[in-house]
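Here come two complexes built around chain A, the first alongside chain B, the second alongside chain C.
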Partner chain A sequence: MSDVETRFHRFKDLPSTQLLGTGTPMCAGCGGLQALHEIYDVLGEKTVFVNAAGCMTLLSVYPFTPFRGSWLYTAMASAPAGAQGVRDALDILLEQERMPPEEDLRVVVLTGDGAAYGMGLSATSGAIERGLDFLYIVYDNEGYGNTGQQYSGATPHAARTATSRMGGGFRGDKKDLFDIWVAHRPAYAATVIGAEPLDLARKVERAMAIKGPKLILALAPCPTGWDFDPKLTVDIGRLAVRTGIWPLKEYVDGRVVHSKTPHPRKPVKEYLSLQGRFAHLFEPQRNAAELTRMQAKVDEYWADPAT
Partner chain B sequence: MSRVLLTGNGAAAWGARLARVDYVPAFPITPQTEIIESLASWIDGGEMRGRLVTLESEHSMLTAAGAAAATGVRVFSATSSQGLLYAMEMLYTVAGWRTPFVLVNVSRGLSAPITLEPDHNDVLAARDSGFLQIHCADCQEVLDSVLIAYRLAEDSRVRQPVLVNLDGFYLSFTREPVTVPGPDEVDDFLPAFDAESIAFRASAPESQAVAVLGGGPYSYFRYETHLALLNGLTVYDEVAADFAERFGRAHPAVEAYRCDDAEIVLLMMGSFATKARAAVDNLRDAGQRVGLLRPRLLRPFPAHSLVAQLVGKRGVAVIDQNISMGKGGVLHAEVASVLYGHKDAPLLVSFVGGLGGRDISPEEFFEMVKVVAAAAQRGEAPPPRLLYTEDELREIRKLQTLAHVERNSLGEG
Partner chain C sequence: MYRIRFHGRGGQGMKTASRILGSALFAEGFEVQDAPRYGAERRGAPIFAYVRADRRPINERGIIRRPDLVVVADDTLIPVPAAGVLAGLDAYSVLLIHSHESADTWRRRLNTPARVLVLPLIEESADRADLPYVGAVCAGAAACLLGVISEDALATALRDELGPLGEAVVQRNLDKALAAYRQMVEVCGVVTEGREANAADYTPPEWISLAFEGANVSAPVIHAGLTSSAVKTGLWRTLRPVIDYDRCGRCWWVCSSLCPDGAIQVEEGRPTIDYDHCKGCLVCVAVCPPHAIEAQPERTAESLETPK
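For the complex of A and B:
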């Protein structure tokens, strides 16, 4: 990413506009809201957010909204199709000169992992395949957070959720949404996290300069769903990156590039042990075998991280 | 103006073309597909301005339709049967957005068992969605109804999506002579869409379709939608009158055929009502005072008009081409609800028929009138009748016997 012109070189280059208003009903320490704050400041207010059912549907509750720009709530499965309708209509109005160009808006889907990894995949795949010019923001809190954190397609192995409360937690593995996007050959795809705002801002900036379907996939540490003290959101976010659990990368020009390579990587247990959903790996007895497997999985990824 | 042979699907496509729709989110499904194929070829060939986008499902198609209408362009879409049901969540949703556009449904019976031929359970599943509903009986009406539907949808007193229904196969694939009005005439009747405040623009940020907390705000918006649909009754009459004046074709909310001096009335919707119309003529020839009432508008429900037509009649055969499982005909219940309590209300008898495209024969119309006359005489309605003949039952038994024989012989082999 260093070869790209960016206006974000240092922390103090980050916008302090705080476009997103306060007083929303999001939980204290919401990692998704943190990421959205940062993304919105880079995107600016000439945006229309097309929302899929999830926690953030409660951002705009009649008659209030924290957005300076526009908003359309659709349903859980079809926010990308909503983006299609808005984008197509704006294009038609521009083509027919029924709307001046300065009235145009950036079309942004805002979705949680529940929709993005599951019910919304078909609509997302369709929108990418049609080459829709839109930004697709996922706040990934690794479960159906708004309904009380049941496991979703984004839930990581061994996490306890409201529907995997006992024993070893969730038996499956986290689906790789980034790779699913990359398989579609989109215009752009990137993983981000609110705890790394400079990396996030550069990626959003880059995505904005490219026409076509673009993914910004934000891991969203979730105090209520992951069971940790809200004051730890940033620490846990940083640890997700520094343990290598959440690789920060982007897909551009047909290549996947890592924007940060944690070195040396911290042991994954430092990330896991801060979260109640993984407490069963440490208490009452330490599950050494599982921890070793989880560490090995991360090590395996970083052994050949470009693929 | 020209008179050409068009299928119902062709007539629907012509309606959209003449309405100068900007945007057509599409998804193929039998028996609707010809509509979007026609529009696609006109747009690709430069005969029609507009953009057609094939979505990956009807659910997405309806989402895109609502979202584009919410951005301020004129939108048309079409579907059928399973597609309408797949999109059902979004039908309710976009109706709540108060977005005006037109959706054509080509009626087809619902699975299971899966079939291609028509009845009205698909479109009636959308009855309570907040879409207005116009039901057509011939191909001319399909074209005209699409134009009327845009005026209705976009009227500031309504501002709701409108569903125009035609029956699969019987209308969708049947060619009839259709008068295609000239573009200038249509432009005068249906001016360009004035979205007013319905838009997303950089200078005028707008939050649409936001959440509400609690029953108070929720009820407020739901009632607003209901009242907008009720306004549709007056608006419909105005628009239909204007249409009749300009084009010389009347499309009242409820079509009455030879009803004035009728004692017994057949009441039904859609293309099968043309069979009832023929039966009325035959029954009249045989000296019976029989008429036909055909609601074109199902939502909003033209209660006043139906009551005015029906009070004082002896009996009514409500013939439902649908079945509410465990209840019976939907239209029967609707008509009964508006007649209840009226002095001199006629006796209603419920018949269910025409499911999955099953024919309703002239003899059956004669029989229904006989049953209604006898019931009116007695002053007591018989239980609802499910139209089915002994021959049909025999055919089914034959198929079942065949299936048994096949299975047994395979078992032996």
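For the complex of A and C:
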């Protein structure tokens, strides 16, 4: 991204406005809330959030809200449809000159991975197809966290969840939502993480300058669902990037570019061993075969990361 | 019918305690309901779990307002209004507090008609959300107080509930649960069954009747931003981050940007932690480059505070 104009060159350029209010019912150490407050500080106050049911539904529970502006709650599958309605209403008000252009709002979907990777996929696909001008923020904690971490389409291989407690954990693989978006040829798509606030701020800034459907996909380390000490949220987030498990990248102008290439990559076991959901890979016996396969998968990705 | 209410913090295993006690009662031939209160199960936040048990089918539902036994896993919750520990206690109720202070001290402190008992806290933990085996300990003590659960039934129930965690975990918890059970032997059976709910006794809640209004007035619309700051999530905290300003590098962005709750404000390079809202995740302690933030047990920090 070095060729792009940005106001975020170093950490001191990050906003210190703290637009998002305190006192939310998110868990202590929530990686999703961390990403959200960083994103909100870049987006600014003129936003309307359309929230698919999930953990963050609890952000605004009457009569409390941490947002400075409007927030609309939808069922899990219908946040993009809600966003379409809000965008259309704003456009009509603008067209009929019932609202001055400076009062226009950005329409932002806020969704967890349960809705984004599963139930909400069809509505999202439709919204991208229609070229809806919206920002789609996913806080991906790799499971249905608000109901006790049942597996979702985003759960990674071998993670223990409430619905895959025994044996080797979840047998499937994490769906690639970034690639699903890219296959739609959206205006913009990026992966981010709260533990890398500068990279995140640049991507949100870039997305704001582009019209059309835009994805900000944030990996959200989850102390409750992933079973780790809340103070490790940032360490685990950084390790997700440095082991190559969570590639930081963006899709813009028709191609995918990595904004950070971890070099040398740390072994994936450093990321896995900090989390209770992967403890069965290390205790009582070390599952060397599984760990080797998981490492090989990451190595395979980085052997040809451009695609 | 027995009505039992457990109070703890998220992470202390109150849901597990209620399930162990429920399963033990079931093993003794009771009809049982056990359920945690859904919606607030965040680490450190006040948690409630309920058990009802009767020899006959149970028609009651919902939260327990008039408990026969209240078990408090963490005595720091007692002064927290949101925890509602003392709610609904009467002269027939028993209040069991897991504490290192004496029952006399608690009797003097609390203006409650209930019988106050103390389950001595054996192992203190700097982080109260990590009190070891507290769920099993509370279930074991409660089982004895009811007087209708044998040690065998308690052990079977604990094995059923914790079995998937492996034999070593089961055994450690079982030892603690049985020890707690035996500590209560002198007051075994002290809890009496509450009366059946009767429509004639029903007292309506103290609500205020409002006139019917149109949806534009009565719909739950929030008309102002940032109202969430009225919720003092600082009460969840069991460990407190404290900044040593002599070591703080005034970098301003690290703790403030990475605090998940946005509870660190910076003015002229000086970070200040908002203790009304800091949940005590300690991310700031972990990320501070010069290690200028230290974690202190909340109790210690409170006792060091100078009264205003």
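Basically, the second predicted complex is superposed on the first by the 307 of 307 C-alpha atoms of A that agree within 3 Å, B and C clash if a C-alpha of one lies under 4 Å from a C-alpha of the other, contacts with A are read in each partner's own complex, and residues count from 1 in each chain.
In the analysis below, a residue touches a chain if its C-beta (ideal position, glycine included) is under 8 Å from a C-beta of that chain, and two chains touch if they have at least 3 such contacts.
Quantities reported herein were computed from a predicted structural model and do not represent experimental measurements.
Once chain A is used to superpose the two complexes, chain B occupies space next to chain C without a clash. Contacts of A:166 after superposition on the shared chain: chain C is touched, whereas chain B is not.
Within the superposed three-chain model, A:235 lies in touch with chain C and out of touch with chain B [touch as defined at top]. By the touch criterion defined above, A:130 lies against chain B but remains apart from chain C after alignment on the C-alpha atoms of chain A.
In the superposition on chain A, A:121 makes contact with neither chain B nor chain C. In the superposition on chain A, A:208 contacts neither chain B nor chain C.
In the superposition on chain A, contact of A:11 is made with chain C only, not with chain B.
When both complexes are overlaid on chain A, the residue A:22 reaches chain C alone and has no touch with chain B. Judged by the touch definition given at the top, the superposed model places A:66 against chain C, while chain B stays out of reach.
In the superposition on chain A, A:88 makes contact with chain B only, not with chain C. The least CA distance from chain B to chain C in the superposed model is 5 Å. Counting contacts as defined above, chain A residues 58, 60, 62-63, 65, 67-69 meet chain B in one complex and chain C in the other. Chain C contributes residues 10, 39-40, 42-45, 164, 220, 222, 225-233, 236-237, 251-254, 256-263, 265-266, 274, 276-277, 279-283, 285-287 to its touches with chain A in the complex. Contact residues on chain A toward chain C in their complex (touch as defined above): 11-12, 14, 16, 18, 20-31, 33-34, 37-38, 58-60, 62-69, 165-166, 194-195, 197, 223-224, 230-235.
Contact residues on chain B toward chain A in their complex (touch as defined above): 22-23, 25, 49-51, 53, 55-57, 59-61, 63-73, 75, 89-90, 93, 200-203, 205-213, 217. Chain contact summary for the complex, chain A toward chain B: residues 45-46, 48, 50, 57-58, 60-63, 65, 67-75, 77-86, 88-93, 96, 99, 102-105, 122-123, 125-126, 129-130.
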